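Right, one structure below, let's go through it.
Per-chain numbering from 1; labels A, B, C, D, E, F, G, H, I, J, K and L assigned in written order.
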Amino acid sequence: MRIAVLSGPNLNLLGTREPALYGRTTLGEIEAAVRTAAAAAGAGVEWLQSNHEGALIDAVQRLPGSADGALINAGAFSHTSLALRDAVLAVRVPFVEVHVSNIFAREPERRRSLLADLAIGVVAGFGARSYLLGFEALVAALRDGR
Amino acid sequence: MRIAVLSGPNLNLLGTREPALYGRTTLGEIEAAVRTAAAAAGAGVEWLQSNHEGALIDAVQRLPGSADGALINAGAFSHTSLALRDAVLAVRVPFVEVHVSNIFAREPERRRSLLADLAIGVVAGFGARSYLLGFEALVAALRDGR
Amino acid sequence: MRIAVLSGPNLNLLGTREPALYGRTTLGEIEAAVRTAAAAAGAGVEWLQSNHEGALIDAVQRLPGSADGALINAGAFSHTSLALRDAVLAVRVPFVEVHVSNIFAREPERRRSLLADLAIGVVAGFGARSYLLGFEALVAALRDGR
Amino acid sequence: MRIAVLSGPNLNLLGTREPALYGRTTLGEIEAAVRTAAAAAGAGVEWLQSNHEGALIDAVQRLPGSADGALINAGAFSHTSLALRDAVLAVRVPFVEVHVSNIFAREPERRRSLLADLAIGVVAGFGARSYLLGFEALVAALRDGR
Amino acid sequence: MRIAVLSGPNLNLLGTREPALYGRTTLGEIEAAVRTAAAAAGAGVEWLQSNHEGALIDAVQRLPGSADGALINAGAFSHTSLALRDAVLAVRVPFVEVHVSNIFAREPERRRSLLADLAIGVVAGFGARSYLLGFEALVAALRDGR
Amino acid sequence: MRIAVLSGPNLNLLGTREPALYGRTTLGEIEAAVRTAAAAAGAGVEWLQSNHEGALIDAVQRLPGSADGALINAGAFSHTSLALRDAVLAVRVPFVEVHVSNIFAREPERRRSLLADLAIGVVAGFGARSYLLGFEALVAALRDGR
Amino acid sequence: MRIAVLSGPNLNLLGTREPALYGRTTLGEIEAAVRTAAAAAGAGVEWLQSNHEGALIDAVQRLPGSADGALINAGAFSHTSLALRDAVLAVRVPFVEVHVSNIFAREPERRRSLLADLAIGVVAGFGARSYLLGFEALVAALRDGR
Amino acid sequence: MRIAVLSGPNLNLLGTREPALYGRTTLGEIEAAVRTAAAAAGAGVEWLQSNHEGALIDAVQRLPGSADGALINAGAFSHTSLALRDAVLAVRVPFVEVHVSNIFAREPERRRSLLADLAIGVVAGFGARSYLLGFEALVAALRDGR
Amino acid sequence: MRIAVLSGPNLNLLGTREPALYGRTTLGEIEAAVRTAAAAAGAGVEWLQSNHEGALIDAVQRLPGSADGALINAGAFSHTSLALRDAVLAVRVPFVEVHVSNIFAREPERRRSLLADLAIGVVAGFGARSYLLGFEALVAALRDGR
Amino acid sequence: MRIAVLSGPNLNLLGTREPALYGRTTLGEIEAAVRTAAAAAGAGVEWLQSNHEGALIDAVQRLPGSADGALINAGAFSHTSLALRDAVLAVRVPFVEVHVSNIFAREPERRRSLLADLAIGVVAGFGARSYLLGFEALVAALRDGR
Amino acid sequence: MRIAVLSGPNLNLLGTREPALYGRTTLGEIEAAVRTAAAAAGAGVEWLQSNHEGALIDAVQRLPGSADGALINAGAFSHTSLALRDAVLAVRVPFVEVHVSNIFAREPERRRSLLADLAIGVVAGFGARSYLLGFEALVAALRDGR
Amino acid sequence: MRIAVLSGPNLNLLGTREPALYGRTTLGEIEAAVRTAAAAAGAGVEWLQSNHEGALIDAVQRLPGSADGALINAGAFSHTSLALRDAVLAVRVPFVEVHVSNIFAREPERRRSLLADLAIGVVAGFGARSYLLGFEALVAALRDGR
């Protein structure tokens, strides 16, 4: 089982950016924890972070054939990028959406995700642990054949 | 560690109500799975389902002193009950919000939860597994002292 | 053929409440008239009125197995109760919505019913007679196998 | 007792137009059924269908002196014609509004009727039978002196 | 100087339609008064009333070559007919808009006129006299070469 | 018969302010013309212009006992001053609203007048002549006992 | 003179719930103070608090015959319960609305009360004293025969 | 192959009406060009222009049996006529929507077409050539069996 | 203890202005009653009414140093004057907002007060007595050190 | 004559992405067809597709001097990219907007194009043929000197 | 070169009013600094502050003939006074708008200025320095002949 | 003191793009002027312009450690890029926002900046000079320790 993990703009700053809101765990530490969990589950991990919308669209377009499922945290693009939504619609790879902060406790424009209705489900608000819970949920869903 | 699990209106019909949307697992089966996970985690479980808004408010008011945290799936009341929100605001017990279906893929009035900004985080869309993932997230957050 | 007739909050006051708007016939008189019509049609009648949203949800959940169709006048809950809508969605029993007053000649928030799109049809504005017309329409629709 | 029955645009296509939505009964068959019911009730029937808004306004203007009440299904003009509303306001003949489909289960712009607040009441969603139920309701209301 | 006076739907009912709102003067009496004023001003009058939107559009299209200016009371079409607006835009004949009632004291949808921004000016609320004041204003504006 | 004519902010600049929009006649010339018309009609005129909302409210409060009717052009306060509306509501002196420009051909916030629904009627768009037409309409309405 | 005092959801938590917002006086202490004031005024007091919307509707329906006036603090139901509004409309008992916090300084959805336009008046923001001021206002209004 | 070409209100003025916006080609010249193209394609043409909404609805109702496809430029009715939309919905004849001007560069109410979602496609903004491009697109689509 | 009482536009007309809505007590009578109550409470009263927004702003700016608290009924300026709100924000003198009528039973634009969220609390709807109840509430709050 | 053809995000997936909506023709096949048509028209073609908004802006900025006109299908950026609109505004090269699907039959946010009011015209809904029809329309418009 | 500096309501409180938001520099100190800068630039300064909208309108009306340009900080009237906007429109004197606080970081109703689209430009958020920067920008723009 | 100056999409076209709106000064000339001012102030300048949102986000992320403050003109991204806002939020470097045109005199979607509430202040509308004024304001604010 191959899992792609895509992270959007400014997530490379995790751990230093507004720690009261996002926590002190860095994206590198999250990657290590996800890779550990993946190894335990016998899954491979493809990891990408980018601040460029086009690079994320390119990455989504490469998913078919290279991944069985994806974990996507598109950051601010979750709320604004119709083009990223189109890419996800086009490839139809099953994915789980994760957010580090509880987007439902934030400003109105962050409560709407343009990807969420295409996802299997959403996990938000548990800090770095959101990635791990989302990974677990994704693997289980893929095993159920969903 | 004592965990209360509160489920709102029509969740007693899980497994028979719109199975294409909500799955075929019954609420009783979910309760059994959560109790198993709780036992493994050394936690006690208080379980309640009600179709009555007042009964759910009463239950939330009883949380302080009887539970360390809660798992709440308020069903349709999530979207309409300001009184239930007030109860949660009053008791300030840490909780995780769960939904069986992916509420972000549904009608607009179901995408707004009056409880979510008060929660530690939200898990939605994974069917019966949402309860288990939410339980896991809640226990971890309580252990972190959150 | 078994028909359940469910009436929501404040309908127990019919005949005394704002008679210029709702007329002078009491709910008891309406019940008697519906029972007479039902007897003529060879149908049984289950009758319930409640001011409690939870009690109405419980009643809707009991419909499968106990009624072939329902006549529902949810009163003010027609306009506000997403939980009642969920119950009706869950049981999928055919029903006709009735209103004593012409809700289309009233305030904006009373012109939207959260149940109406799930109903076979709607009868509104004919005072106590709305129940009888709705009953007639329901029986005919059930006989047509709808 | 003289009853005018006015039907608006495209209702001449009933039975062939979107039968899944509107049923297979033609407007001619409905006219025959209403005339039968009228004969039984000792009432005369004036019947008109037109696709022209002006023709319907002219017809409404002729109602005083020629009809005791009216059954009006203005079709799409129900939702858009302020001029037809003005005509109904001007003549003040008592009428019942009917719709073949359940307009409350359709697109938002069809859920608002510019005539409904002027009507005695509304019957919608029972296919061809809506005309018969509306006719029955109208005759009863006129007999009550309303 | 030739003046066309165009009146829209239901204005043929003036004097009988809602007299508390529109007064008791008939459209025939208004026509006579306008013709008297026109004779005094040495102007000819073309008079038309129709309940048909298409007939009014046809009449507007005939204005160039047959009238130097127009007095238009489009009734309810003032608020809804984009096609009538297009006709007025196309012919570019100077005109004054008149209303018998004070449309600014009525329902919101009657406070917006689709013709008013194309008119020289607007006179509203003075009953039958609105036509005479509007006629006077139009003649003066045409004499000013406007 | 005594008529008060009240003009609001910036109308003292008429003739010099945006002449393409408001014309080249000054407010002094309009006052002279209204006084001439009043003399011919045997009416007295009280004339006031102010840029101060409070001064206009004071003036409206003095109307009962000192004027039989009023001509009001409140300028920009027409669109924003709820306090001026309250003053007009309180004194209940009959009045006609006039505007020099055609407010219906201007920006949206100028198309709503907070006074218009309280007026007998409205005259707008005829430049300086709006005052004279409004004066004529007011005198006629007062003579009709309105 | 008999006065009913009805308090809605979560008001049983007064004194412990968000004391920075609601103060430290308990509902029991308020009841004692109101009873003292009532004794001084020669009035009897009926006291009820409930978290159940249906129970509050039942209580309002019992008012005629058992109370001359009411003091109502419906808590969150003030903002959401059309059914409670209907009950108050039906019984037409004079009442004063009170709120412990200044609802006008809170979130938008708490600034609209579905009961306030039916009340004699509103007192909000004075903590526990709101009940006493409202009681005083109610007794005075009843004595004035209002 | 038989093609009906329907043109709505004011299109008979093409060439004289606002030429800066609509160009100088008349509707007669467009008809000639379309007939030439149709002859080349071996297709017959039925041509209709009307300012009357009802006449256009009648024409749409006649399409089944008399035309294989239609080219529709409903002018201002594109934006307002729900009844015309109903007619098109009822007959389900494949059609292409054309507009002479670029409606997307115009006022907001002209940017929404009530017909466009029912069309195969839309061609707008190319002046008289829009009819020819639309004709070409329609013939090709019909040949593809769409 | 020194209390300033500020009343805004048109309140000088109390007792004569729309008595069905505002009652028959004059502002002079209210002033006398407040002065009597103040004397009993050992407080001094500064009294001002003005129709001029600027005069009220000046008065609010003078409050620090001259008053311990204020009673403010800004009339229509409550709903429109951001400048008055700024003055109140700047001086930060504790105040109670009062309204003679029940503003919650009136038009929407009167239900929003630009001052209310800055006030200790609000009293509305009790006619002249609103001033006395507000005075009582203010004195009590100042005594509590609020 | 040199024509640039710019295609935005995800259009490289044409033929495989949601074929029910977008058809089975690939972008490569469309390019070949456009080049053939261009050769026949004696025009050169510059072809670009990119998923990167910045790359498309760069390309638009290069148009002056390198192309006489453009065919633009900006995909999802049509609906969201104000920066792309600014680029088109800045270079003022004549262009035609094309869409493969009928955007007017899709979700509301896809019905608004930020480029369309700047285009000569729009062609949408004819699958791969939209490019050819748009090319034909562009060449004709350029030949007309538009 | 003569420059008028107009400051609106509550700006006389600068330095004492909400210093965290507006700073501790008084308006007198700002005036002194502007006069120093003006002297250095060889410009004369006319200085006015008022809490009265009418006084500010009067001042704007006096600008032509007495000033070559203006610096305007209308305070809260920036957001509400259409009459002040009209005065500025009428005199057409070039001006720069300044704000002490960053109005873009404040409540929504403060983010819209009714004057800003008439200004050369806007400077906001730099405390007392906003006046100096605005003065510098104004002088430079006047020197450029703008 | 090190200052970064970041310019967004299409600003490389300054001087040629819509000169009536943006002026004739090129971005290169502005850079030279800013460098001259910086040299005089003893400050270093880092200069970047990009049409790529991701490149701007990368640049903002590099600010901490490389610049003491920034001057940001994000062009169209000011109004649409939540991701750029997130980057600015994350790095918390003090900055001034500048715009060449007066964005308050433009279309509504350009009047809202997603960055402005995070800035020290805003300078807009002075053409190329906006950069210089903004630079001056930034240096002064940094010297004040803000």
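What we mean here is this: a residue touches a chain if its C-beta (ideal position, glycine included) is under 8 Å from a C-beta of that chain, and two chains touch if they have at least 3 such contacts.
Model, not experiment: these values are computed from the prediction.
Under the touch definition stated at the top, chain B and chain F share no contacting partner at all.
Interface note: chain G and chain I, two copies of one sequence, contact each other through mostly matching residue numbers (shared numbers exceed half of all numbers used). Between the Cα centres of chain F and chain L there is a gap of 49 Å. Annotation: 24 Å between the Cα-based centres of chain K and chain L.
The set of chain F residues touching two or more other chains comprises 52-55, 80. Of all possible chain pairs, those that touch are A-B, A-J, A-L, B-C, B-G, C-D, C-G, D-E, D-H, E-F, E-H, F-I, F-K, G-I, H-J, I-K, J-L, K-L.
Against chain E, in their complex, chain H makes its touches with residues 8-10, 12-13, 16-18, 50-55, 75-77, 79-80, 109-110.
Residues of chain D touching chain C in their complex: 102, 104-105, 111-113, 116-126, 129-130, 133, 136-137, 140-141.
Touching chain L in their complex are the following residues of chain J: 52-55, 57-58, 61, 80-83, 85-87, 89-91.
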